[in-house]
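Presented sequentially are two complexes of chain A, the first with chain B as partner and the second with chain C.
Presenting the complex of A and B:
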């Protein structure tokens, strides 16, 4: 491996990592507020990818303009799942189990809906072919765009959680639901909003993903696992950790893809996930709790 | 459920019927029952780990695939007889489940669930890329299964064993330990339950049933490739059957498996392209309106009827 190839792989890894980071933020947010994982997360990613693809090929809509459409769709799905399903799960010892099973059911409903609407083929959006050459390195235009958009959305989310009242309410609920409730925050509403936001972030990531890779309806589970793996590697509840975890996974996949095969790269997320959980369960950046 | 005389008669009739079907039934019926038995067996497997404890596995299909590949490889490369190959597949699954469970069962809730999802992905990746063993995406062809009847009896035996083992566990101290883990793992540990050992035993035992089902399935199909060895839609169906019948009960998986297989055959076969949507929807509906499943519901009604009878 020449130094140039090494640098090139690092660049590609960072760009992929940016999109993975965006994917994992949704999982992280929902986990923080509710302690559950949306198993349909990856399927929202794929659904948004297909919506973007459809708008682009059929109606000629610029993928960047299609982004708000995807985000609105993701938000609506998440909102409905929380409002009509998860919010009604009795909060006893079986709550986590029931929530997981419910989102598992939703996951297959989404997969099937995407298959019926858009077909079962692999699709991608050829929006910006070609690449920029800077200092002997190739920056594929589509990847650079996806990375920058992911960075912008992540920053917006960070600012929203840090500065807006609603964002701080979400933060408060994730720290202590009782405390937040005492301060007059409507927990039920905050949860619905967070779950919607989590799915909206998945949708945003999906709309960007389809510019980089070809996707097919059944691929969602792989992205649910990746998003969760990133969150675990970085440490649940840690914003910089999630971004670092995403870079680790992006690099690992790009390097195994180059050295071995793309198929093997698909299994890397699980191996990293297991390695981190066995050696450092709180994640590379996470706070140590019980 | 109590072993009332009526229940015993029902069980005896069911067993006799299962033995008699291959002599009188059509190939279609035998094939249908064979598939139903495979699903019922898998539902019992899921029930052992995810019904009794709170560890929801979305990756039992990984053991199905291990069993399928074990049979394919042993039969096609080493020309083993299929019954031994099926048992060897169950053994292989248990051997893999032991270290896997050791690592995974220290993870709770979503960690375990997502870990098992990830494990399926890794196996799929291995099956597609380890060509010297699995022939990758090209798949392994087996000699045609021919007579379906021996396979039918093997599947029926598997279901009988699954019911017997679940029944024995349900009334044993081991079953009680598993339930206590499902209720409150920390409390169970505090009371002296060796939780890791119990969970691991249940996990390893639970892995053998889908492995046998996968082996029988592969031999029947006489072809194995990555997507037929790890069919995601089976995972959904099996989980649906177990929770519909009643997770954590002895008879739930049987009831759920038989009822839903019949419904699937009668109704859903016409909506083949809607299968996943319907399975997903059913899971959500069952969890929403009947979270305990059918068997506890029946049991409660029976108890209520008995009380009314006493009062009279």
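Presenting the complex of A and C:
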């Protein structure tokens, strides 16, 4: 392996990891705040991808302008799911199980809604084909753009959670709902907002993903699983951790694909997933909680 | 008395029923599964439309054996396991009279065992992998060009232009692997050395690792033995990673109009096709016109292959004069029929030896047939210019 190939693989791995990172931020947030894995997460990604595709091919809307539309759509879906479904689940011992099953139902509704609206075929947005050549390395234009947008969105999210009152409220609720409640935080409202935000992040990921890969309506489950794996690898509740976990996965896939085979690269996420659960259950970059 | 009266009423009812049956004969029901979602959906929709058009045509001609024909089909989601369940359902629960094969070698291979078990004749209109037909099965017949013939045109052009090295990339399912294997066997004859031969799992979207390897090897020719979405993904990422070759060819995908969505990355790409509207085949113009009218778009080779399979089945049923599956199997194995897809003929194993292949190239946003000479509509453009000099 020449140094240039090595550098090129690192670039490819980082680009891929950036998208995985954005994909997993939403599932991480929802899981952290509500203790629920949103099984419809990947389907929101796909739905947003198809909305972007539709806006681009039918109305000629620049995919970057379609991004806010997709985010708004994702936010609305998340808001409604939390307000009208999950918030109505009685908060007893079975609450988590019931919520999980509900998101499973939402997943199927979304898959079928996308199939009925946009058809069943693979679609992609052919925006900015080709690459920029810098220092002998190829930076695929669409991937570089998606990666930069993912980085900006992650940064905004981090700042929001860190510095705004609402963001800190979300943090508080994820750490201790009772404590937050005592401090006067409206838990119901915070949860609705968190779920909306989680789905909005999924939608952002979808709008960027469709610029890189072809997607089809039934692919969402695969993305849910991958986002879940990234969250476990990086560390639940840790945003820098989740992003680093995503980069680790992106690199691992690209390098095993190059050195071994595409089949092994395809399964490496789950090997890492198992290895992390066995040796470092809090995730590579997660903090231990009592 | 009461019992007598009941008897009379029952007899009258039975008579009325049989009279009604005579007026409206029971339809012959044909069953199929097709990939309407999942990886193969892009090509699968053309398949089922070919069959649907035949059903309309045959009914317009007065049906089959004097009975109307009806089609039942389900979406197998491009998944062999789902296909197996659906053919079991079609045969045992829907009790269809005839079946026809699904889309792709992978799904056909799986459901061929169901057809064989129930002694139902099954033509495989989309099964190019010969292995399906070399297992001693008696009811399965190949109704698609053999996988080994798909890349003949590309190999011929590579040889004519003096190219020496060939890289093969394939989805690790039945058909793409069969194409790679057959090309591997033939490459030597065409003066080509295989310098890269790898597969990737079905459903992959990121090919950057594999293509980085290909780029390093810098082959003269790259064959992507893949289906529509992967063919598009691979070409797009070749463009992004600056993977250069003198010739790019794909097994499936370039023949579909949707390949156009690739934009500039589609230019100069060669693709196998087994049929084109302009080919001199029996009944071709009428087929193309009727298809365009019914579906408001042009047929592709998948449409024609499925239509042709139904023509073969129709001919066999007419010859036998019944739906006896053993007699139908005997008839199909001996049948030589000129269809819209070319001459149908199988060897004693059931392998297709009649249907041939052709090659097209995307030139200025259009598909141009470039091989073989007798059907070609234009000249191949070779070598492919570097990515930086395209647009």
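The working rule: the second predicted complex is superposed on the first by the 277 of 290 C-alpha atoms of A that agree within 3 Å, B and C clash if a C-alpha of one lies under 4 Å from a C-alpha of the other, contacts with A are read in each partner's own complex, and residues count from 1 in each chain.
Basically, a contact is a pair of C-beta atoms (placed from the backbone, for glycine too) under 8 Å apart; a residue touches a chain by one contact, two chains touch by 3 or more.
The model shown is predicted, which means the values in this text are computed figures rather than measured ones.
S.K.: Putting chain B and chain C on the same copy of chain A, do they fit or clash?
M.R.: With chain A aligned, chain B runs into chain C, so clash.
S.K.: Look at A:228 in the shared chain and tell me whether it touches chain B only, chain C only, both, or neither; answer first, second, both or neither.
M.R.: The answer is first: A:228 touches chain B but not chain C.
S.K.: When the two structures are overlaid on chain A, which partner does A:273 contact: first (chain B), second (chain C), both, or neither?
M.R.: A:273 contacts chain B only, not chain C.
S.K.: Regarding the shared-chain residue A:244, is it in contact with chain B (first), chain C (second), both, or neither?
M.R.: A:244 sits against neither chain B nor chain C.
S.K.: Looking at A:116 after the superposition, I want to know if it touches chain B, chain C, both of them or none. Which is it: first, second, both, neither?
M.R.: After superposition on chain A, A:116 lies in contact with chain B alone.
S.K.: For A:210 in the superposed arrangement: first (chain B), second (chain C), both or neither?
M.R.: After superposition on chain A, A:210 lies in contact with neither partner.
S.K.: Under the stated touch criterion, which partner chain does A:97 make contact with: chain B (first), chain C (second), both, or neither?
M.R.: Touch partner of A:97: chain B, not chain C.
S.K.: Applying the document's definition of touch, where does A:142 land relative to chain B and chain C: first, second, both, or neither?
M.R.: A:142 contacts chain C only, not chain B.
S.K.: Go through the superposed model and pick first if A:150 touches only chain B, second if only chain C, both, or neither.
M.R.: In the superposed model, A:150 contacts neither chain B nor chain C.
S.K.: Have a look at where A:37 lands relative to chain B and chain C in the superposition and call it first, second, both or neither.
M.R.: First partner only, chain B.
S.K.: Would you mind checking which of 42-50, 132-140 or 258-266 on chain B runs into chain C after superposing?
M.R.: For chain B, the clashing option is 132-140.
S.K.: Quick check on the output: what are the common chain A residues between the chain B footprint and the chain C footprint?
M.R.: 115, 218, 222, 261, 263, 266
S.K.: In the complex formed with chain C, which residues of chain A make contact?
M.R.: Of all residues in chain A, those touching chain C are 5, 8-9, 12, 16, 115, 120-124, 126, 129-131, 133, 138, 140-143, 212-214, 216-219, 222, 253-258, 261-263, 265-266.
S.K.: Could you list, by residue number, the parts of chain A that touch chain B in their complex?
M.R.: 31, 35-37, 39, 85, 88-90, 93-94, 96-98, 100-102, 104-113, 115-116, 218, 221-222, 224-225, 228-229, 232, 261, 263-264, 266-267, 269-271, 273-274, 277-278
S.K.: In the complex of these two chains, what residues of chain C are touching chain A?
M.R.: For this pair, the touching residues of chain C are 36-39, 41-42, 45, 77, 172, 198-201, 203-210, 212-213, 216, 228-229, 232-233, 236-237, 239-242, 258, 261-265, 387.
S.K.: So in the complex, the part of chain B that touches chain A is made up of which residues?
M.R.: Within the complex, chain B touches chain A at residues 54, 56, 58, 103-104, 107, 109-111, 113-115, 117-122, 125-126, 128-129, 183-184, 232-233, 236, 239, 243, 273-277, 279-284, 287-288, 291.
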